[in-house]
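Look for chain A in each of the two complexes below; its partner is chain B in the first and chain C in the second.
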Partner chain A sequence: MKQIWVLALDSFLENIWNRIFILVAIFGGLLIYTSLLLGVLAADQELRVLMDSGLALIEIVTLIAGLYFSATLFLKEIETKTIYLILSRPLNRLQYLLGRVLGLLLSLVLIMLVMSGLHVILLLLHHWNWQDSYLLSLLGIFLKVLMVTAAAVFFSLLSTSSIAAIVFSGSLWTLGNFTPEIRFMTQKSSGLAGVLGQAALFLFPHFEVLNWSGNFNGAIILSGASYALLYSSVFLALSWLILRKKEF
Partner chain B sequence: MPSVISFREATKIYRSSHLGRTIKKIGLVDFSIDVEKGEAFGLLGLNGSGKTTTFKLALGLLTPNSGTVKIFDLSPMTRSFYSRIGYVPELPYFHSFLTVKACLKFYGKLSGLSQADIQSNLDRVLWETGLVVYKDKRISELSKGLSQRVALAQATIHSPDLLILDEPMSGLDPLATRDLREYLSRLLEEGKTIFISSHSIFEIEKLCHRVGVLKEGRLIRILQRKDWVEFPGGLEGRFAEIVQNEGSTKALLRNSVK
Partner chain C sequence: MRSFLPIFLSFFLLNGFFSSFERPISLPDLSYSKHPVEILAFLNLGLRRLAADVEMIRLLIYYGSSEAMADELNPPKDAPLYPGMFFRAEEILNLDPSFNYARLYAAGALAFSLGRPVEALQLMKEGLVLEPENEQFKAYIAAIAFSAKGDPQKAVDALSPYLERKDTPSMLINISAFIYYRLKEMDKAASLYRRLLDLRNPEYHSIAKKMLRRIALDKTFSPRRKRFKR
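Then we have the complex of A and B:
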C-alpha cells in the first residue's frame, strides 16, 4: 500500500508540474467566465444558466484533462524508460497500475476543486444560496470522468497510441450521454440491428444514472455510484490483464 | 552455492506485425551464463547485439521464448528479490522538476526503505556518487554526466546485492568515469555482484573478472581476465578479433528461427 501511495503522489506532482494542468486551469476559468456572460444574456434565468453551463464546463474540462493524463500516462513512461526504473523495484504491476491511476484521480479531483471553487464564488456573487445538490452534481461528474478515464487507460495499453485511446474513450463519453436514445432505437429495431444495439448498450456507459440534480434518493445515488465504480473497475481489471503480460 | 544470475539457453525473438506480415527480429539466442556472487561480469557487443535484451530478461521486463532465467535462484517473475537489485538503464529519465534529493527519496521509498533508512542511505549515496553539492538542485539543472550519477545513486540507495548496469559510463567525462569505476570497485570489495555493459572497453577491462562477447544475439565467447591481460591488444584487441572472425548469426539461425 505504501508503494501505491508513493507512486500516486509522484503522478500527482508530475501532473501539477505539467503545463497542461496550468492550461486546463486557465481554460476552465475562462470558460466559467463565459458562462457568466451567458447568464447575463439569459436575463431572469441568469442563475440557472450560470449553474448549468458552469457544471457542464467543469465536466468537459475535467474530461479533457482526464483523457490527456490517462492516454499519455503509461506511454510516456514507456517512452522515457521511467517504467524500467519502477518495475525493477519490489512492487508488482498491479501496485504500479493502482498507484498511477490513483495519482491521476487525485489530479482530477484537484482540477475539479479549483474550477468548482471558482464556480461557487461566481454563483454566490449572484446571490445563490448554497445547496447540497451541488456536491451531488460534482460527484456525478467525477464518476462519469472516472468511467471514461478507466476506459482510456485500457485503450492506451491496448493500442499503444495515445490518440487512439483519446478517440475511443472520447467516443464512449459521447455515446454514454445518448444511451436513452440508443435504447429507444434498439427497442424499435429487430433482427441483427436490435442484437447489436443491445450489445452496444451493454458496453456503453449509462451516464443517465449519474444525473442526480435535485435528487436525494439514497438508493438511486448508491446504485448509480456502484454502477460507475463497477464499470471503471472492469476497465482497470482489463488494463491489469494487459499490463501483467506486457513486455517493455 | 547457487549463482546470482543464471541464464540457461535463453532465447528471445521479437515479433511485430505490419500489414498482416509478422516480422521477427533476433534479440538473444541460446544464451547461457552464470554470474557468481562478488563477480563483475561484463557484456561487450556492437549495437543491437543483445546486451539490453539480456538485462531486460534478467529484470522480468521481457520473458524468454525458450530457456530459463534465474536471479538469486528465482524466476524474475517472483518479485520478492527485487529489493536486492539495483538497475541503471541506458539514458535514464527522471522528472525534471524533482531535486536530486527528492528523486532519490522517491526511489528509496519504492525500494521499500523506511524513513530512517532513506535518510541514512541518502547521505551515504550522495557522498559516494559525488552529488552532495547538487542535492538541492533540480534534475533539469544537471548535466548529462551528473544525471548519470543520479542514475547510479538511485540504483544503490537501497544497498542492493546485485547491480545491473546498462551503459553506466555513457555521457560521463573522463574524471567522472574514473570516479564511477572506483565506486564500482569499492562495491565489489564489499561483496556486491555487478552485471555491466559498456562501449567503454577500457573500463570493462579494468573492472570485470569475466566478459561475455555478444554478436547478433549470440554469446560467442566468454573471456577470463587472463585472456586479455596476456593479449598484446588487451581486451579491445581480443574483442575486435573475436567479433570480426565470427560468422553471422542471422545466416546460422535463418532456418532455425520459426
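Then we have the complex of A and C:
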C-alpha cells in the first residue's frame, strides 16, 4: 500500500507542475468568465445559465485534463525509460498501475476543486443559495471522467499511441453521452440497424445514469456510482492484463 | 487472450444491465432549427441543458430585436410578427422539457403580446402533459383563454397568485402590472412594478420606475380633478 501512495504522490506532484495544468487553470478561468457574459444575456435565467455553463466547463476541462494525463501517463515513462527504474524496485505491476492511476485521479480532483471553488464563488456573488445537489453534480462529473480516464489508460497501453488513446476514449465519451438517443432510435428501427443499435448499448458507457441534476434518490445515485466504479474497474483490469504481459 | 474473455464478457453484461436504467430521450426536431450542427455538438458532449440555455438566449435576442430584423424569413405583409417564436420555443423545450421558464416566457409573449393564443395554448398543454399536477400551468391556460375572450381582468387575476414565483418571466409581471394599471387597480400595479425593481434583471427597471412615478402622479392628482369637476 505504501508503494502505491508513493507513486500516487509522485504522479500528483508531476501533474501539478506540468504546463498543461496551468493551461487548464487559465482555460477554466477564462471559460467561467465567458459563462458570466452568457449569464448577463440570459436576463431572468442568469443563475441557471451560470450554473449550467459552469458545470459544463468544469466537465469539459476535467475531461481534457484527464484524457491528456492518462494517455501520456505510461507512454512517457516507457519512452523516457523511467519505467525500468520503477519496476526494478520491489513493486509489482498492479501496484505500479494503481499508484499511477490514483495520482492521476488526485490531480483531477484538485483541478475540479479549484474550478468548482471559483464557480461557487461566482454563483454566491449572484445571490445563489447553496444546494447539496451541486455536490452531486460534481460527483457525477467526476465519475464520468473516471470512466473515460480508465478507458484512456487501457487504450494508451493497447495502442502505444497517446493520440490514438485520446481519439478512442474521446469517441467513447461522445457516444456515451448519446446512448439515450441511440436507445430511442433503436426502439424505432428494425433489422440490422436495430441489432447494431442494441450492440452499441452493450458497448458504450451510459453517462445518463450519472446525470443527477433532475429527479434523483439514494438508489439512483448508488446504482450510478457502482456502475461507474465497475466500468472503470473493468478497464483497469484490462490495462493490468496488458501491462502484466508487456515486455520492456 | 483467455484471461481477457471473462472480463470482456462481464463488461458487456454490466453495460447491458445498467443501460436499462437509462431513459430513452428523443432526438430534438431540428428541421426548423437555425443551428442544427451546433445543437448536435452540444448533445454529443452531453450538454443538453446548456444547448437549451443557449437557444433560450437566442430566443430572448430574437424577441428583443426590432420586428423588421426579426422577420428573418421575409414573410408576406400579413404574416404575424416574430413568426419563429413558437418553433424556437418548441426547440428549446425539446432539448429540455423541464425548462418551465422558456415555456412560460414564450406562451406569455405569444398570448399577451403577439395575440396568438392558439400557439400559446399548445405550449402550455404540452407542459401539462409532462406535469399534470402543475397548478401554474393550469392558471396560465385559464389566463390565456380569458385574454383571448377579451377579459383582461380575469386573465390577470388568474395569473396573479403565481407572479411571485421565481420562474415567472419579468415580461409577464410587466404585462400584468400594466393591465392592472389600465384597470385602475393602482395598488396592485404598483406592487408588481416594485417587484420588477427588486428583480436582478435590469431590463424592466426603467419602465417600472417610470410607471411608479406615473402611478404616484395619478394618485396625487386624480382626487383634485374630481374636486374640480364637482
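Points to keep in mind about this one:
We adopt the following convention: the second predicted complex is superposed on the first by the 245 of 248 C-alpha atoms of A that agree within 3 Å, B and C clash if a C-alpha of one lies under 4 Å from a C-alpha of the other, contacts with A are read in each partner's own complex, and residues count from 1 in each chain.
Just so we're on the same page, a contact is a pair of C-beta atoms (placed from the backbone, for glycine too) under 8 Å apart; a residue touches a chain by one contact, two chains touch by 3 or more.
Computed from a predicted model, the values in this text were never measured in an experiment.
Within the superposed three-chain model, A:T179 lies in touch with chain C and out of touch with chain B [touch as defined at top]. When both complexes are overlaid on chain A, the residue A:D132 reaches neither chain B nor chain C.
In the superposition on chain A, A:V209 contacts chain C only, with no contact to chain B.
Applying the stated contact rule after C-alpha superposition, one finds that A:I86 touches chain B and leaves chain C untouched.
For chain A, the partner touching the most residues, choosing from chain B and chain C, is C. By the touch criterion stated above, A:L201 is placed in contact with chain C alone, chain B being left untouched. In the overlay built on the shared chain, the residue A:D52 is in contact with chain C alone; chain B does not reach it.
With both structures placed on the common chain, the touch criterion links A:L13 to chain B but leaves chain C unconnected. Chain A has no residue lying at the interface with chain B in one structure and with chain C in the other. By the touch rule above, chain A contacts chain B in their complex via residues 2-3, 6-7, 10, 13-14, 17, 80-82, 84-92, 247-248. On the side of chain B, the complex with chain A involves touching residues 56, 59-63, 79-83, 85, 87, 89-95, 97-98, 106-107, 109-112, 154, 164. Every residue of chain A that touches chain C in the complex is listed here, in rising order: 38, 41-46, 48-49, 52-53, 56, 59-60, 126-127, 144, 173-174, 176-181, 183-185, 187, 201-209, 211, 213-214, 220, 223-224, 227, 230-231, 234, 237-238, 241. Within the complex formed with chain A, the residues of chain C that make contact are 3-4, 7, 10-12, 14-16, 18-19, 21-27, 43-47, 49-50, 53-54, 56-57, 60-61, 98, 101, 105, 169-170, 199-201, 203.
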